[in-house]
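Pasting the structures here.
Two complexes, one shared chain (chain A), two partners (chain B, chain C).
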Partner chain A sequence: MSAISESSAASTDTGKETTWIGRPLPRMEDQRFLVGKGRYVDDIVLPNQLFAAFVRSPHGHARVSKLDLSKARSASGVVAAYGGSDIQGLKDVPPNWVLPGSHVKGRPPLVRETVRHVGEAVAVIIAETQAEAVDAAALVDVTYEVYPALIDQNLALEEGAPRVHADIKNNTATIMPAGAGGFDAAAAEAYLNIKLTVKNQRLIPFPIEPRAVNADFDAATSRLTFYSSNQIPHMLRRMLAAALEFPEHKLRVISPDVGGGFGPKMHFYPEELLLAWLTTQLARPVKWTETRSENNVATTHGRDHNMVADIAADADGKILALRVRGVANIGAYLSSMGTGVPTINVALFLLGVYAIPVSEALITCVYTNTTPVDAYRGAGRPEAAYLIERAIDRVALELGLDPAEVRFRNFIQPEQLPYRQGVGTKIDSGQFANTLNLALEKINYKALRREQEAARAEGRLFGVGVSNYTETCAMGFGPLLGAIGFDRGGYESALVRVHPDGHVSVFSGSHSHGQGHVTTFAQIAADSLGITPDEIEVIQGDTDQVPFGTGTFNSRSVAVGGSAIKIAADRIAQKMKKIAGHLLQSSPEKIFVSQGVFGTEDGQATIRARDVAKAAWTGHNIPYDFGIGLEETEFYHPVDMSSPYGAHIAVVEIDRETGEVDLKRYLAVDDCGVIINPLLARGQVHGGLAQGIGQALYETAALDSDGRPTAEPSIPRSDMLPRFETDHTISPSNTNPLGAKGIGEAGAVGAPPAIANAIIDALWPLGVKEVDMPFTPERVLNAIEEAVGRDAKKVAAQ
Partner chain B sequence: MQSEQSASAEMQISISVDGALRKLDVEPRMLLVQALREKLKVTGPHIGCESGRCGACAVIVDGHAVKACMMLAVQADGKSVITAASLSDNKLGKVLQNKFHEHHALQCGYCTPGMLSAAVDLLANNARPNEEDVRQALRGNLCRCTGYQHIVDAVLDAATSLNTADSREHGVES
Partner chain C sequence: MIPHSFDYMRPQTLNDALKEIENLTPQTEVAILAGGQSLLSALKQRRINPNLIVDLGAISDLSTTREVSDGLEVGAMVRQVEFVGHRFVSAHAPIFQDVAAAAGDPMIRRNGTLVGAFCEVDPRGDWVAAGLVHDAVLEISSLSETRREPLESFAGKPKESRLKSNELVTKCILNAAPENSISAYRKCKHNAVGWSIAGVAVVLELDKERKCRAIKLAVAGATTFPQRLRALELELQGVDLSDEDNLDQLIRPHLAALEFFGDSYASAGYREKRLAIQIRRTLAELSKS
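Right, the complex of A and B next:
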C-alpha cells in the first residue's frame, strides 16, 4: 500500500503549483549558529548594565523568620537588595489559563513570609557585575522555620492534610468533569472490567539555554525594552504590562535567539515581573541569567499526573466504556497554564483515535509544596495518550488478543469523520487504519511476533509495543478559548511586505526556538509570490516590529502562523498580478508568476517582480485606485483545531537479571497533514521522540521529602537513544488553508506509551501487569521480582 | 580577609583566541568560558549547566576539545583557543559545519558550537569512526532538540567526505 494516500490538496486550491512547499530545504538560519554568532539573551550586554542574583529557599515549606540584607547591601559593587517586604506594591504573577471556578494563587515575585517550594526566591541582589551579585547573595542572612512539606498530590488530597494555602480547602485548585457519564451501567453489561493505574512522573524540561532576562527602562522616553528567552513575545508583553501596570504601547518585548523552549518558556515568571519593576526603579538595565540549578527548581516542571482508569470491554476487545480519575500536581502556585494543561488538555484526548461510546472523566488539580507544573512538550496530550494506549493494550493482553488487532477494532472509521467524541474533542481527519497498517508493514510486525515467540521459548524477555496517539494542535478560535478561561487569542499574525526591489520581509507573531520558521515560512511565502526563499527574510520575536501575535506552542506555528503568511502573501500576489496585468495590458486572471517574473498566458509579455513592486511603491503608471504599496497584514483565526496522529512501534528486550531495557527499534509513522519541509519535520519528530523516550526510560524529577530534586535530570545523551525510523502518511487538515496539522510534540506524545506497552508485552508472561515510568533497571527488576514472588506465594499456598 | 583579597586580585594572562593574541586581566577564580564571553565578548561558547555535563561551552584548547567551564581562565594562559567563530579556518571544521547544515543537525543552535568542538576532536583522532564511535564521542554534549540522529549522521558524512577528499588528493600526488 501507499504511504501517501492523498495529495497535498491544500496547495492546489489556488490553482498554483507548489515549488517550495514540500522540499527538504536545509535551514537558511543555520549559518550564524554554526559560527557561534547566535544571539541569545545572555549574549546581550547593555551600556550601564546591572546584574541580578537571587537567594532561593532550600526548603519546600518554611516561614522566613529573619531576613537580613545589611551585609549584602554593603558588599562591593552592590547597588540594591530587596526582600519580600521591600516590594509591597508588586502583585503576584497571575496565571493566564484559569479554568472557570478555580482557586487561584499566583506566584509571588519574592517570598513575603511563607516559602511554598524549594527554589522560591527570598531576596534579589543587584550589583555592577554578575560575580558581585552572586558574592553578595551569599552574604544574605536568612532564618527559616521549617515545616513538613506536602509533595505527593494524592496525599495532599487526603482528609486532614495540611494546607499549602491557608484559605484553600483540600489543596484543590480546580476539579473538571468531562464526558456524559453512564459508566457503571455500561460496565455492568461488559464482558471484561479492568482497573488500570498509571502515572506520568514529574519531569524537568531542561532547555540547554536556561531562562534569561534583560530589562531596560529608559527614563527619558518612558519606554521599557524587555529581552527574554521566550516563546510568546506578544503574550508576555500583555501579561507583563498588566501585572506591572505599565502602558503596553511603551513596552517592547524582544525575544532573540532562544536556546530551546519546550513549553516552560511560554509562561510569565516572577523573575520577569521583578526585573521589569527593578529597572523602572533603578533606571538602569538589569540582567539575570538562570543557572542550571535554578532552572531545575524555579522554571516550571512538566506532567506529574496520577490516573486511575476503569475500562469496560466486550469479548472482542471493543472498549465499551472508559472512566478516568486524574489527580494532577500543579505545584505550590498556579503557573500560566497550570489549571488548563492537566484538565482540558488531558480530558479531551482520553479517547485517543477510538470510537468509545461511553466515557466519563474527573480531574482534580492539587496544590503541593513543589515547583509549579505547567506545559511541557505535549502538555497534557502525553498523559492522555499514555492512559488510553496502555488501556487498549491491557484489554488485548487480558483477552489474549493482538494489541494491533484490538486497535483496528476500536478505531474511528473514515466514514465517521469529522467525529465528535464523548469527551468533547472533534477529530477533523485521519486514516487511522492505514497509518497503523503502514507502521506494521514497515517494521514487519508479523516477523517480530514470530521472533518474540522464539525468544520466549528461550526464556528471553522480548516485547513489541504499539501506540496510536492523537492530539490537537494549531490552537485556535478565541471564543472557545475564552469559554475555558484561556486568556489568549486563537490566531496568529503575519505581515508580508514586498520591497520596491522585489525582496520580501515576512513578520510573524509566531517565534522560533529552534523549529526553523525562517525557512518554512519563507517556503510558504515563496510559493505564493513566485520567488525563491532566499529572497525572503522572516522576522520574529520583536513586538515593535511584528503585528500582535500569539506565539509558538501547541505545534501551531505552521498551521496557524504559516496560514496567516500564505493568506497575506496570496493577497499581495493578487495585487501584483493586477499591476502586472495593467502594465502588460492583459487581464490579471491571465497573468502567471514564476521565478520572479510575471507574464501573460501566452508568454508573449513579461515583467520582473521588482518592476511590479517599484510601480506599486511609486504609484507611477498605475491607476490611482490601485492604491500604494505591497504590504498585507493577516490575523488568521482558525475556527477549528487540527488532529495530528500517528502509529508508533517500539521493540525492546529486557535483561532478566539486571532489569535493563534495550530499546532495539523505534518506528514513528506520523500524520501531520501537509508537510512544508520534510527535513525539518523529521527533525521535530526526532526531538520529540528523544524527549518521549527520555520520559519512558530515564527522566524523572523525583523529589525528596522537602521537595528538592534528588538527582540531576537524566537527559538522554547521544549514546542513550536508538536510531529512529520515521515515515508519514498525509491526511490534509481541513481546518486551515495549508492543510497542515502540527508535528512539534508528536514524538513526546507517542513514545512513552509505545515503550511502556513493549515493556509490559515483554513482561506479561511473568505476570507483570503494571510498571511506572521511568523504566529504570531497578523498577523493571522490582516489577519482575514482585510478580514472580507473588506467583511463588500462590504456588506455595496451593 | 587575606584570602578574599587574593581571590579577587586580578592576574594578567594572554590567550590566542581564534588566532588573535588577546591579553586580559582575570580573577584567578574566573572560568575560561566566562573570560571568553564576558571579557572578550566571544559568545560562541554557551553556558548550559554548572556541572560540566552539558558541553555547550566546549572549545578547542591546544587541539583538544575542552569544556570551558571546567577550566580556569588562568589555566589557558599561553594556550590557543579555537571557538566556532574560527572553525571554518581549517578544512575539518568547515566540512563539519557544512554537514551540520545539510543534515539539519542543529535546531535552537545553543549546543552547536560545543557539539562541533567535540566532533572536530573526534575526527582529528579517528578519521573513520562508526556510528557507535560518534555516539560515544558526543556523549559529553547534551542536545535537547535533535535527538542526536542528524548530528551523528552529519559527523559520519563529514568523515566520509574528508576521507574521499583525502584519497583524491593522494591520488593526484601519486
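Right, the complex of A and C next:
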C-alpha cells in the first residue's frame, strides 16, 4: 500500500476540521523578526570577544612576494596577525561532494604564495574591537606580482592555456559522461538538426545576511562552540571536526536565525576553519561578519555553465535525440559541491519531462582564476531546464509549430511513469499535460497568440514563453549518494517530545534559513498528535539540542524532514492512544483524538492530552511494560527522490528601439505534491521567481578581466517584478509518507527558460535565434540590430 | 563597513563652521556632512578617508527655505522631502516632484538634502538636471567672502576646482518656471542601483500652434556630468515637438559631441542611444500634454 493512503487515513482519524496540513497558516516565527528581535550570529557577543578582519587580494592571479604584518601587529588593540606562512599545518578546506575521479584542490585557509581569485584571503587580523581589526588590516603591507588571470572556462580548456594549478592538466577537475550514446546515428535519420548554444551566466547569490562566524573554544572543558550562519549545522560539525582534527563530540555548532542562504550557506569555508583554529590558539572567542563587498568575492557564486546542444527532431517536432556538451566554471578551488552541481545535477535533468529516446551528455568542470562556484537555488537544475526548454522552443520555431503543442508531443505519458530518463534521473510522478493545460487555460493562451498576431501587424515585439521545468528533490538515498561521491547522508532526523503539560517540542535536523519550518513542521506534528500548532515548539540549528541531522538544501525539508516528524509524531500518537485506552478502559483502536482531547468512540469518556502525557512521564497509573515517557526519534531515510515540476508562462513586450523588456505577465503552475501550507508554498514560489526572473532579466556577476565582479551587482527589487499569478496541481509523491515533493527552488528553475522563450518568441520574426541572459536592454538591442543588419545585408546582396 | 577614524565637529553656527575649515593644515582632509547620503557610503567603503568631518546638522540657519522675488532660496540643510513639499515647488517648480518620484527612496529623500545633491554633482544623479533647468545658483561662503555661482558652471568644473577648502555652499536659489510652462523629468533606471542611465529635465513653453516657443533642457545619467544642452534648446525653438522623426534628426547630432560613460550594465554607446530616445520621447510627451 502506498504511503499516501496512510497520510489520508491519518487525516480522517483526526477529523477534517482539525486537519492542519493544507491550511494557509501565517508564519508563527515572524513576530520576532517584525519587531527586530531576531537573533543572528552577529547579534551574539560573548565575554572576552575578539574580532577578525581579513586582508583580501584585489587580484585574480598573483604571487605574494612580500607580506609584512609588523605595522598591523603593533596597532592599537591588535592581539594577533597571521599570514599564510603562520598557519603551517592547517589543511585546505576540502569539498564535500567529489565526483569519483576528480582532481581536487580545496580552498586554502589563507593564501600560501599564489593568489588564485579576487577576494582570496592573504592575512587575518585579530583585535579587541571590530574597528581595530579593520584599521589594522589596512596597515598590512602586501606586494603582489600580478599575472594575467584566466576567467573564461572555455579559454581555460584551450591548448596551451596557463594552468590555475601547476599539477592539473587542461585545468580540468572532472569530466562526466552521461547517457547511452547513439546520437550521430539518430541524427542522420532526423528531419531537423539544430545546434543550440546557451549560457547560464555567473550569479552572485546575495543573501541579505552575509556569512557570520563566532568561534568559542573553552580551554577548561576543551569544548568548541561554533556559531555560523549556516543551512546544514550537522554537516559543518563533521567537516570542521575532520579538517581541524578536533573530536566531534566536543564540537557544538549553533546556527541561530539565518537571513537567507540560497545554497552558499551550506558550504564549508576557509574563514570557518581559520576562526575555529584561531579560537583554539587564543582561547578566546573570535567573531567575523562578512561585509557585502567580501560576500561578492569570497562567498561562492552560482551557475556559470556554457552548453552546446545538438538536437535531432522529426517533422512533427518530436525530439529524437539530444546531445549536450557542457563546460562549467568551478572557479579557483573546489567548493563543497563544486564537481557535483554542474555534472550530476545538470546531466540527470537534461531531458526534462520529455521522453527523448536517444541522449548523451558530456560535462567538463574547469578551474579558473575566479571565486569558486557552487550550489545556488536550483543548483544545476536551472541549467538543465534552461537547455531543454530552449531546445523545445527552438524546434517548434524552426518547424513553424506552436511551442506548447510541441511540448504535448514530447511529454512523458502518464502510463510511462515512473520513468527512467536516458541520462539518468527517475521521474516518480506527474501529470505534465494536465498541468500545462491548466496553465494555458488560466493565461488564455489562445487569446495571447491572437494578441501577438495583432501586435506583429503593428510592428510591435510581443512574445509568449512556456517552460515545463522539472527537478528532483528530497535527497535522498544514502548508498546512491555514496556512489556519486556526495559525502552526506540522505536522511533527516526528528525527535518529538510531548511534555507532561501536553506541550510538544519538535527537534529537527533540517534548518530554516527563512522558509518557515517552525510553522509547517508544527502543522505536520499537530495533525499527528491532535493538538494545535501553537502548542508546539520547533527547535533547529543547534547540534547539542539536535544531535544528528542533514540540513536544508535540495528542497528537501518538508519531504524528508517533515516526513521524519510525521513518523515520530505518529508513533507517539499511537502510544498516547494506548495510554488513553488504558486510562479510559477502552482498546487503543477505539480511541480518537481531537483538539487535545482523547476520547472513546462513543464519546462517553474523555481525557485531556496533558493527563495522558503526565501519566506517561510519571508512570503512576500505567502498566510497567508501557515504559516511561513520550519521546520518539526518527531518522527518516527515503529510498527515492521526488520530482516536482511545473508549467510556467511568461508574456513579454520588447521596446524595439531601446531593447527594454516589459515582463507583462508571469504565471506559475507548480506541482509540488501534497502542500502542507499553501501560503508558505506560495511564498517559496514568489521568492524563487524573483531570483529566476532576476537571472533572466537582471543579474550577472559581470567579472572583469581580473575576475572582479561589478561593484554594484543587480538584484531584483519589488518594483522590477510583475504581479505573480500562481496555481498548483497536486500529484502526490509516492516516495515519502507526506506525499510531498519540494517547492523552494521551483521558481528559480522555471523562470529563466520561460522568459528566454518569450523573448526569443518576440524577436523570432526579426531573425533573432539566440540571446544570452541577462536580457538587459543593451544586449537585446544589440541582438535586434545585429539581426536587422544581417537582414539588410542580405537584401543588399540580392 | 567601518570608516577610518576621524575627528568630528558639530558647529552651532555657520561662522563656527567656516572657522573650522579656515586654517586647515595641508595634511587635513575635510569632509562636510549634510544629509550624508553620499558621504556615509563613501566613508564606510573607505573610498574616502577624511581626518575631519564637519557636520552642518546643528546650524539652524541652514535649514530654512525662503521665497524671494521670482524664486526660492533653499538652505544647505533642507531635506529633499521638505523641499519638495514646499508650495513654491507645486506652484512654480513641479519638475522637482517628478524628480522626487524617481530619485532614491523615501528614506534617502528624508535624509538627503537638495544642496548636497547639487554639491555632489554625481553624473548619475537626478536632482542636478532639474536644478539646471531652473537656473539654480549656489551661494558659497568663506569667512572672508560670500559669492554666487550658477549651478551650470559649478557642475561643469572638475570636482577639485569647484570649491576652495575654506568654502561651504550655504544655499541655492531656484528660479520659478515661466508662467504657463510645462515640465517633466524622465529617466531610465540602472537596474542595479536605480541611478539614471539616461535622464532628461525639460521646462517648456508652447506657442498657440503648440510648437516650441522656449525650452530649457538638461541631461543626466549618460554624460560624464549633468549639463544643459543650450545649442539644442536654440534649435528646438519653433519646432513641432510631436514630429518625432524630425526631432530624432535634430537631437542626435547634439549628443555626438558629448562625452558619455558606461558600465557593465549599459555602455557609453548604449547610453547615448538611450538618451536620444529619452529626449525625443519626453518632448513628444510634453507636446501632447
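Just so we're on the same page, the second predicted complex is superposed on the first by the 778 of 798 C-alpha atoms of A that agree within 3 Å, B and C clash if a C-alpha of one lies under 4 Å from a C-alpha of the other, contacts with A are read in each partner's own complex, and residues count from 1 in each chain.
The working rule: a contact is a pair of C-beta atoms (placed from the backbone, for glycine too) under 8 Å apart; a residue touches a chain by one contact, two chains touch by 3 or more.
Just so it is clear, the model here is predicted, and its values are computed rather than measured.
By the touch criterion defined above, A:E657 reaches chain C but does not reach chain B. When both complexes are overlaid on chain A, the residue A:A138 reaches chain C alone and has no touch with chain B.
In the superposition on chain A, contact is made by A:T291 with both chain B and chain C.
Legend: residue contacts after superposition of the two complexes on their common chain; A:A702 is shown touching chain C, with no touch to chain B. More residues of chain A are touched by B (comparison of chain B with chain C). Of the two partner chains placed by the overlay, only chain B lies in contact with A:R682; chain C stays clear of it. Of the two partner chains, chain B is the only one that A:D43 touches; chain C does not reach it. Residue contacts after overlaying the shared chain place A:F626 against neither chain B nor chain C.
In the superposition on chain A, A:P777 makes contact with chain C only, not with chain B. When the shared chain is aligned, chain C comes close enough to touch A:T710, but chain B does not. Applying the stated touch rule to the two superposed structures, the overlap between the chain B and chain C interfaces on chain A comprises residues 130-131, 291-293, 712, 715, 717.
Residue ranges on chain A touching chain C, taken from their complex, read 130-131, 134-135, 138, 291-293, 657-658, 660, 697-698, 700, 702, 710, 712-715, 717, 720, 776-778, 781.
Within the complex, the chain C residues that touch chain A are 1-2, 4-5, 45-46, 188, 191-194, 263-267, 270, 273-274, 277. Interface residues of chain A, counted against chain B in their complex, comprise 26-27, 30-40, 42-43, 45, 130-131, 206-210, 257-262, 289, 291-293, 513-516, 679-680, 682-683, 686-691, 712, 715, 717-719, 721, 723-724, 747. The touching residues of chain B, counted against chain A in their complex, run 27, 30, 37-38, 41-51, 53-54, 56, 83-85, 87-88, 97, 100-102, 104, 106-113, 116, 131-132, 134-136, 138-152.
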